[in-house]
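Handing you this structure, nothing more for now.
Per-chain residue numbering starts at 1, and chain names A, B, C, D, E and F are given in the order in which the chains are listed.
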Amino acid sequence: MRIRGAGRIARAAAEALMEHAKLVEAESPEEFRQTMLEAARHLLATRPTAVSLKNGLLHSLKGLKIQLPGDGASADVEALRTGMIEAADRFIAFSNGAVAALAEHGSKRIKDGFTMMTICNSSAAVGVITKAHRDGKKIKVYACETRPKRQGLITVRELAAAGIDVTLIVDSAARTYMKQTDLVFVGADTVTAQGNVVNKIGTSQVALCAQEARVPFFVCAESYKFSMDTLEGDLVEIEEREPEEIADPSDFPGVKFGNPVFDITPAKYINAIITESGLIPPQGAYDVVKTLKEELDDTQL
Amino acid sequence: MRIRGAGRIARAAAEALMEHAKLVEAESPEEFRQTMLEAARHLLATRPTAVSLKNGLLHSLKGLKIQLPGDGASADVEALRTGMIEAADRFIAFSNGAVAALAEHGSKRIKDGFTMMTICNSSAAVGVITKAHRDGKKIKVYACETRPKRQGLITVRELAAAGIDVTLIVDSAARTYMKQTDLVFVGADTVTAQGNVVNKIGTSQVALCAQEARVPFFVCAESYKFSMDTLEGDLVEIEEREPEEIADPSDFPGVKFGNPVFDITPAKYINAIITESGLIPPQGAYDVVKTLKEELDDTQL
Amino acid sequence: MRIRGAGRIARAAAEALMEHAKLVEAESPEEFRQTMLEAARHLLATRPTAVSLKNGLLHSLKGLKIQLPGDGASADVEALRTGMIEAADRFIAFSNGAVAALAEHGSKRIKDGFTMMTICNSSAAVGVITKAHRDGKKIKVYACETRPKRQGLITVRELAAAGIDVTLIVDSAARTYMKQTDLVFVGADTVTAQGNVVNKIGTSQVALCAQEARVPFFVCAESYKFSMDTLEGDLVEIEEREPEEIADPSDFPGVKFGNPVFDITPAKYINAIITESGLIPPQGAYDVVKTLKEELDDTQL
Amino acid sequence: MRIRGAGRIARAAAEALMEHAKLVEAESPEEFRQTMLEAARHLLATRPTAVSLKNGLLHSLKGLKIQLPGDGASADVEALRTGMIEAADRFIAFSNGAVAALAEHGSKRIKDGFTMMTICNSSAAVGVITKAHRDGKKIKVYACETRPKRQGLITVRELAAAGIDVTLIVDSAARTYMKQTDLVFVGADTVTAQGNVVNKIGTSQVALCAQEARVPFFVCAESYKFSMDTLEGDLVEIEEREPEEIADPSDFPGVKFGNPVFDITPAKYINAIITESGLIPPQGAYDVVKTLKEELDDTQL
Amino acid sequence: MRIRGAGRIARAAAEALMEHAKLVEAESPEEFRQTMLEAARHLLATRPTAVSLKNGLLHSLKGLKIQLPGDGASADVEALRTGMIEAADRFIAFSNGAVAALAEHGSKRIKDGFTMMTICNSSAAVGVITKAHRDGKKIKVYACETRPKRQGLITVRELAAAGIDVTLIVDSAARTYMKQTDLVFVGADTVTAQGNVVNKIGTSQVALCAQEARVPFFVCAESYKFSMDTLEGDLVEIEEREPEEIADPSDFPGVKFGNPVFDITPAKYINAIITESGLIPPQGAYDVVKTLKEELDDTQL
Amino acid sequence: MRIRGAGRIARAAAEALMEHAKLVEAESPEEFRQTMLEAARHLLATRPTAVSLKNGLLHSLKGLKIQLPGDGASADVEALRTGMIEAADRFIAFSNGAVAALAEHGSKRIKDGFTMMTICNSSAAVGVITKAHRDGKKIKVYACETRPKRQGLITVRELAAAGIDVTLIVDSAARTYMKQTDLVFVGADTVTAQGNVVNKIGTSQVALCAQEARVPFFVCAESYKFSMDTLEGDLVEIEEREPEEIADPSDFPGVKFGNPVFDITPAKYINAIITESGLIPPQGAYDVVKTLKEELDDTQL
């Protein structure tokens, strides 16, 4: 599974589980449940640190908890199958709706004539900005290149295609252009229970520059990007990627490479986290996580 | 003249002036002086915003002020020729010595076991770090890639060739690695009379990250990088480079590019500026500039 | 309706609705409900941006949701009428009680010998300070004039009338007197779901000065001043008042005037928001707003 | 009662109430209830400002609310007695479990090779650090002496006994050693509803030094250390101890002594509060206190 | 002498001394010197705390130190008279030239399209802004009203008369409009040897707001506004003005009034002080004061 | 030599050199010079890191540079002897005068009714405070105990003996009492060319607390405490003292001890350094050091 973007990953996982549910053969509800859980665990193992993946699976697995007719194994298995398919479907619809709702909420912050900055390629952040443009506001965007993988190139293409005035800058120029920036919108890979945000490397530097210049900094994150495990103190594991993303190591004998894919933006540099339910103070993440824990039984996985 | 690095530019200018002085034919001291001034102005025009270039020329032009024998035009012309050659030579020697002295001063700050960070490829900063290594200190370096031109690749090659433990990181990872960094050393294109430092784009972000984590931030700058004109309020002009340095614009229809070559690090984020004379507080730049103005008569160019 | 102060506006709106309820003639419960809703919408239209007005109306409109006897139109209409009157009355009593409870909570923070600062004329903030005085604490107050309308003049009169040692200062002197200040208490027009506070122009400057000098800054705001709409990203609209409040424009040909009535104090400069329920961290506004949304069905208006 | 440490005090109070419940003779449930309440009030009076004491008592007094058999006074009294004993016991077990759970949560933040700093002698903070050591992580600790009573000496003994590499420093050296520190863990006497932490004098200075150097600062506090009264604005009373703790006043004629036992660390310098339920943002204290108020009826005491 | 503005006061003092020198009758150089010194002391006594007044007098009194012909009392007296007149004249010319030079230096910082903010009515600050406008730059200005005396009304008239786009705001709105401001220029009553600036009440609040939003803050001050006495630790005495400037005290029985005319902006909030010699870092004030002390022998007054 | 206090050390060194000069027998001026230099080097070796010691010796050694009569060895030797004695004497008188001048300058900052804080036992800081008291100002002082050697006990004795209202607090209470403090005065062991101050451990924490609460922080340091070597980048070596100063290591098996005698207060937390010449901005240290280098030829030692 080589999908990019926490939201896309979550939906893909739900879809995979749904497809699996359609095909699985089982003698008993127990066996069906077991098979689905195994499938979910298998999917989770492909990216054990992806919070949205885990949450997407848990949302879908709620389908295993439906009331069974109890009139024999095969009817019960079919009821579970339907439950699973519906739950996964519901999550996919919810996820797509969440991005739209988030764009609606966030775009209200953008006034006519405003200039935004973003980093990486967050569909949620792009959605917020595009919504403002579609609402007829005259806006401008600075998009950071986002080394090493340069996802900013996708962002500028998307924004330019939407007809938005967008300027590509290198990541190091964020502080220089911050003086002409009114608002920053970024995405999130994971939000911790303490309101810190794990996102593409460079995000926290942009946040620091925004803070220094009194520019509001907003994080766009659907609720399934909030990590329940961090409430118990778990650290979000940050993957170290291959040096080749930066340069060809064979050209640089004796040189080491440091390539962490994410960094952590502390809550104190964030004005609000924009979720499908609205703009919450970053410390409100604690509340979101508590609600998630009630809703999703994470002991299953 | 496509030379990289403010110090190298200054020395190249002195060299060019020296070569010119050797060849010029003149009927009178006046004519010789005029010719040399024209040559200097011509050189300056190639990079009108390069402060070290102007200062290197002014240092060399002091050769035109020597005592003339006064026993006839040709002897006087030859005296001026010798004066010019010696002055330019003196500046070149001084410049090379300054980088060495600066390395000596700065390296004293590096303790055994320390980790440094740097950005771009400053021969002065590399000199400081290499000196510490040659003195037998066990050190480690994080070098930022320095988009768009990636001068950090030169830095890691130089440091690795010197046997130093060096790690290449993308510019956006500076804040992440700052937590493991003891000292930052960067170079300077220009130092203003107010103690602000103009240097490669991204320098001020590294400074901000250093400040946030209580990591001392040092700027390496020989005195001829200090701008006399900024005392009178002149802004250091920051060149906007071609978009091609970032990406091929033809691949990105409708996208603009922002590519300023330098940014400005404010004095308040700088612990000391290391010159050939020692480590001065950034506000000491005012004193350096006043001394320069007494030494170099800048009304000539 | 030319009433000053968010609390007074809320109570006046409830009162108006109550009076209307007493007089309205209706054939059916439906008609009564419709008439009341129209009245509420009409009242809201007089100050569409006043959050406390909207909340006061919604609190009163809860009266329309009572259980009806169901034994015929006229009995049902009378039941609704009584419900409306009681609900509006309950809100007015609650509002008055809230100011008193808030004063009780806030005044506990004031120690004997303390000096307070305030800006504008907030009955809640004046209440807190007066309560401390009535409790026998020896206190002192600096009151800012609050240009352009100079509501500080009312504040000093009220405090002096209560026998409190009060000093009137111009708004620009807040930073100077902050060094002799122990606590700041201000009111609020609106509190956002993110814990930011919209209040009379100048409030955020006082907050900034308090922050700089480690002086605790408290906002006094009953829960009906919290804006539900800001959770969905709505910006609190800040009215631009007539230039005449500042100076006579005809005396100043060619001069423009900027006269926003409120400014926004960010959550990070606020130690606590004092509500009728106690002192909450500013980020607790998220919780207050969520509770309000459960309690008041705002889809009606 | 000369017990040190807020957790130990809470458990001792529950124990005392339990012992009392075992021995008390009462004619009626009413009399039993009354006697127990009086005992609780008596215990509370020994340290009226100790929040954990009050909360421990309230947790235990829940035993008075059990369903009575209602078949005669003596059976009812015995039922209450059992209820009280069980409730107190439950609290003691909960308290011990809370410290262990908290250690589990907090220790996840400690990475192999990390250096911690602590002040005073918090069993919760020591528990977090010791857990990391038992998990095989190679760690190092700087422990502040904690004048005037020097509880840091107990801490270094405990940590050294556990085989941990620990260094004793004077309180004034916290800023110097902060540069080599990765994480700070401290305990808490009381946590306010606004997320501020009352703890041994010096704690807030360590927090300030941590903030200055971007070092995460964690407070370890079981939920019964959260003060319900602070929600209503009550100030946590900070005891002024005898001068003899600092020096013999008779040796210093004419000299006054200032010896407050605690200071207050503001929420903004705290990364997270670690409770038995997990790591919460300091502002989450508001939520903890609201939950406590629902659970414990504090009108009884 | 009821003259407004530190520069105008200095020139008026020199003028008064010059007029006096023209008229004085003296038998001997000694008597002339004595008379002039007495006149200077008399002038100084009218505003003993005005630094520019003292410096203007000292500049003029240099005329008493000229070489005397020594050929008899009357010739010597006339030589002194001429010396005095010329010295005073020189100072007046220097002062006028200084304001112009300062405007030249400062205006270079203003780029086309920039928005400035100012407070009070500083001819130096107005000069800087007007120069930029005359140079054809399209600029905009926010001018603070400057309670209590409302000198901002003069500023907006001057700027509007010069054809500049100027907006009058109340002092409390500085933080709100700071987000749309590129540069701040203010005047100075006095600059201390440590680089702090004494200026009209409110200046330091504007500086604080500028700092918070990363907006450069410049102080315009000719060198004769630098206080030599502050080097020895003297505090600049800040006058407390009549309450009537704020409101009629008889309308406010029991109310006190606080009306300090100046406040102090700390060096750390100032990007540069613009003098006739250029833009110096605020700490360069130490150097300016040392030079003044060499130039002006201040033991005479 | 077990003398405490940088000033006392400098004077003792001059005294020792003077005594040596009185007794030395030498055949020639050369021999005398050599002997004195050796004596100076010997003295310096007792405390190689003491800057004031080195500067005191260099001040005294200026006596070796006097004009010799040149009429034979013995007259020349006596001339040198007299020169040395006079130079050493001059330095001792200068040093004593410097402390007095510094007290005069610094005490002007203390207003009637002010409260000061200090740490350790600096005769310069005590001098400033005592001067204000002798001038009839009603003042109050908080003195930090200064672990581990508790020099604060000496300070409170000295201040109480002088009749000053003084309160002893533990070092950790500095932040708590800072809220009631108007000014901080501390001494200095060494001032670096960059304006940083090396002083007793804990000084930088007090400075940080002062900064947080907008309390001016002053360092008292005579010019011979400024280190010339730091201009060339030399680090001030900070001695690690014996663990016994903190606790008896044999009572704490397995525990390490960290006991650095000094810490470093960065220039940015210092409002002014008070020298015998006045109050200079910390960055003015660069100027003081340059002047010292001109005055004292430090190549001799």
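The rule we apply is simple: a contact is a pair of C-beta atoms (placed from the backbone, for glycine too) under 8 Å apart; a residue touches a chain by one contact, two chains touch by 3 or more.
Just so it is clear, the structure is predicted and the values come from calculations on it, not from any experiment.
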Shared interface partners, meaning chains that touch subunit A and subunit E: B, C
Shared chain contacts [subunit A and subunit B, defined touch]: D, E
Pair joined by the larger number of C-beta contacts - B-D, B-E: B-E
Shared interface numbering between subunit F and subunit B [over half = same, under half = different]: different
Rounded Å distance, subunit D centre to subunit F centre (Cα mean): 44
Rounded Å distance, subunit C centre to subunit D centre (Cα mean): 38
Shared interface positions of subunit A, touching two or more other chains: 212, 268, 281-283, 287
Contacting chain pairs - touch in the sense defined above: A-B, A-C, A-D, A-E, B-D, B-E, B-F, C-D, C-E, C-F, D-F, E-F
Complex contact set, residues of subunit D against subunit B: 178-179, 212-214
Subunit E contact footprint on subunit F (complex, rising order): 104-109, 111, 268, 271-272, 274, 277-284, 287
Touching residues on subunit A, where the partner in the complex is subunit D: 193-195, 230-235, 266-268, 281-283, 285-287
Complex contacts: residues of subunit A adjacent to subunit B: 119, 142, 144-148, 153, 156-157, 160-161, 163, 165-177, 201-202, 204-205, 208-209, 212, 243, 246-247, 252-260, 263
